[in-house]
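Labels run A, B, C and D following the written order; every chain starts at residue 1.
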Amino acid sequence: MSKGRLEAFSDGVIAIIITIMVLELKVPHGDRWRDLVPLVPVFLSYVLSFIYVGIYWNNHHHMLHTCTHVTGAMLWANLHLLFWLSLFPFTTWWMGENHFTADPTALYGVVLLMAAMAYLLLQQTIIRSQGPDSFLKEAVGRDWKGKLSTLLYVVAIGVSFFSPKVAQVILLIAALIWLIPDRRIEKRLAVE
Amino acid sequence: MSKGRLEAFSDGVIAIIITIMVLELKVPHGDRWRDLVPLVPVFLSYVLSFIYVGIYWNNHHHMLHTCTHVTGAMLWANLHLLFWLSLFPFTTWWMGENHFTADPTALYGVVLLMAAMAYLLLQQTIIRSQGPDSFLKEAVGRDWKGKLSTLLYVVAIGVSFFSPKVAQVILLIAALIWLIPDRRIEKRLAVE
Amino acid sequence: MSKGRLEAFSDGVIAIIITIMVLELKVPHGDRWRDLVPLVPVFLSYVLSFIYVGIYWNNHHHMLHTCTHVTGAMLWANLHLLFWLSLFPFTTWWMGENHFTADPTALYGVVLLMAAMAYLLLQQTIIRSQGPDSFLKEAVGRDWKGKLSTLLYVVAIGVSFFSPKVAQVILLIAALIWLIPDRRIEKRLAVE
Amino acid sequence: MSKGRLEAFSDGVIAIIITIMVLELKVPHGDRWRDLVPLVPVFLSYVLSFIYVGIYWNNHHHMLHTCTHVTGAMLWANLHLLFWLSLFPFTTWWMGENHFTADPTALYGVVLLMAAMAYLLLQQTIIRSQGPDSFLKEAVGRDWKGKLSTLLYVVAIGVSFFSPKVAQVILLIAALIWLIPDRRIEKRLAVE
């Protein structure tokens, strides 16, 4: 089984998710700058989700790169990840429409957490398929980014009930740590 | 004729189908957990359809894998399958919006049945194009999953008029039998 | 310049066009079979357009197959074709919503005609890029299907103002002649 | 890292952007030609944006063609470009719905300007990754089209507050200069 279609299908689904999120930026009735003001929270929540979906695409791209063949278990673990990603537009819109209040912020965090779990599951499935000398296992190493961001999602969910603002800052930080260039997989490839 | 574009186009259409189904999860007006309650049936029906579309993509991926060239008849048999799959969002939404009542459940089953027929037709078209020593024919074998799930769709359609709940359980079982790892095609490939 | 991305981009756009057309099948409020009755014209017009978009994808697939390199002129001729195809959902919905009355039927025919012209223009652009011994030119031959269907679109547009029903039958026939297996390009390939 | 998925993902996102823009052509209630008249401004603004997205796809296609490997910085610079392109449907609809008045025209220009900046940033990122003998750097040369169109966007934004009509003509001219065949990259390739 080649990985070409797994990548193509994932690219398609992620491309659609990242693009339809913008549809909640509904065209306002007026034609003045001030008519755009009510859209600001929806826009901000779109920006945050765009970054998150971008991170997932980016990591998915790197992870699959280490993969030479595809198993049935990987197909399903991948679909499971796409399922949680497909809920991003909904949670983005609910949070944006409600100006970042408690419950929508918590749900946003829960779906991020589930997607992180699904990503981890896919990673484990690939590592298992690669056997004891798994290239991906070595490349991932101790996976501090994966662990730290998962911890931050859990903290953000808890905090959101007391202070949604603080929870959003935590979720933003959890995104930004992924923007730090990560050369683990690239380095391992260079060593080969 | 290469199969690259047939796969790419099918991936695109299936990726869009699986993703737009989530659009019926309309953002509620309130910002509390309880405001999500009316969305539960739509969500459940989304989950069921996500699994079904995932199964079709998965099987399509395996089936096309055995294929080395593409004929005009295959292009049309494939479009015919995509047509029935494209009706999944509509039947999913109608069933979810109406809390799984009789007629929407029956229609959901009918479209599943038509998609199964279309899949079988595509399978036969590929087998015919491969001649007497068809690799796919051998790999598919007696196709108990295909036959059993088709039977279950027919039963579910009939049952839905008496007890939609039972019909939905049958449709769920018909989905789950596809999640049992199926190594027929992978096995045949290993033998080669 | 390789043709890979031209095909991938066209596949993406055509996949989206063929799939979003189904969105006009709006979920009815009731949950009985009779609630689906008002959707029948929209459904029929969806089926017709699905066939037409399928034909375009099919022909596009064959035509590009004869192509080894891509020029700037071809990129724009292709985008021009995609522009007219992108209007299919609108004309499909307008015709379906209005139960196949005169003006929507005429507009449907006009957009079909413009797409046919754009397809012809793309074909000529490719033939010109292939020089005097153009493979595509020989394969296309006298192009009776292209000429006949263009003629039928023109006739259907004229007829639609007197009898939309007859116009629709003509448009259906124009679609069906493309379903007749056409082995011109496949034959030319076999000769090589 | 190969560029295949970067191209595939970008193609997917751009294909969706170019296609969903047509969704704002909402089906009118009446079935006469005159019922289409209110849609004319939305249609015109769709045509302008279709050309612009087409230009971006075209240029992206050429630019990536000169690229042999992909770095992490390129992935993010590319996502940044896609972010601004993803706002095209919104600005197109706002401008079309409001019959090309001042503020929507200015915003349309601002998003075009940001996309141009993002494109330039991606170009610089690729040139830097190619080292001192960058193929792309030589091919791009003095980049008069890039510079002139950026200047025209800035002028159009300023002018839009006094005369939106003149601003739109400037934006149209900025689009048309990209339709002039540009053989820089093709020429450089031929030299190799």
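Methods note: contacts are C-beta pairs under 8 Å (C-beta built on N, C-alpha and C of every residue); 3 or more make two chains touch, one makes a residue touch a chain.
Just so it is clear, the model here is predicted, and its values are computed rather than measured.
Chemist: With touch defined as above, tell me whether subunit C and subunit D contact each other through largely the same residue numbers, more than half shared, or through different ones.
Modeler: Homomeric contact, different residues on each side for the most part.
Chemist: If you fit subunit B onto subunit C using the CA atoms, what's the rotation angle, as a multiple of 5 degrees?
Modeler: Angle of the fitting rotation, subunit B to subunit C: 90 degrees.
Chemist: Determine, using the mean of C-alpha atoms as each chain's centre, which chain is farthest from subunit D.
Modeler: B
Chemist: So the centre of each chain is just the mean of its C-alpha atoms; given that, what is the distance between subunit A and subunit B in Å?
Modeler: Roughly 26 Å separates the two chain centres.
Chemist: Distance from the CA centroid of subunit B to that of subunit D, rounded to the nearest Å?
Modeler: So the centroids are 37 Å from each other.
Chemist: Check each residue of subunit B and list the ones that touch at least two other chains.
Modeler: Residues 8, 12, 15-16, 20.
Chemist: Subunit C touches which residues of subunit B in the complex?
Modeler: Touching subunit C: residues 1-2, 4-6, 8-9, 12-13, 15-17, 20, 24, 72-73, 75-76, 79, 82-83, 86-87, 89-90, 93-94, 97-98, 101-104, 107 of subunit B.
Chemist: For a test of understanding, state which residues of subunit C touch subunit B in their complex under the given definition.
Modeler: Contact set of subunit C toward subunit B: 7-8, 11-12, 14-16, 18-20, 22-23, 25, 27-28, 31-33, 36, 47, 50, 54, 57-58, 61-62, 64-65, 179, 181-183, 186.
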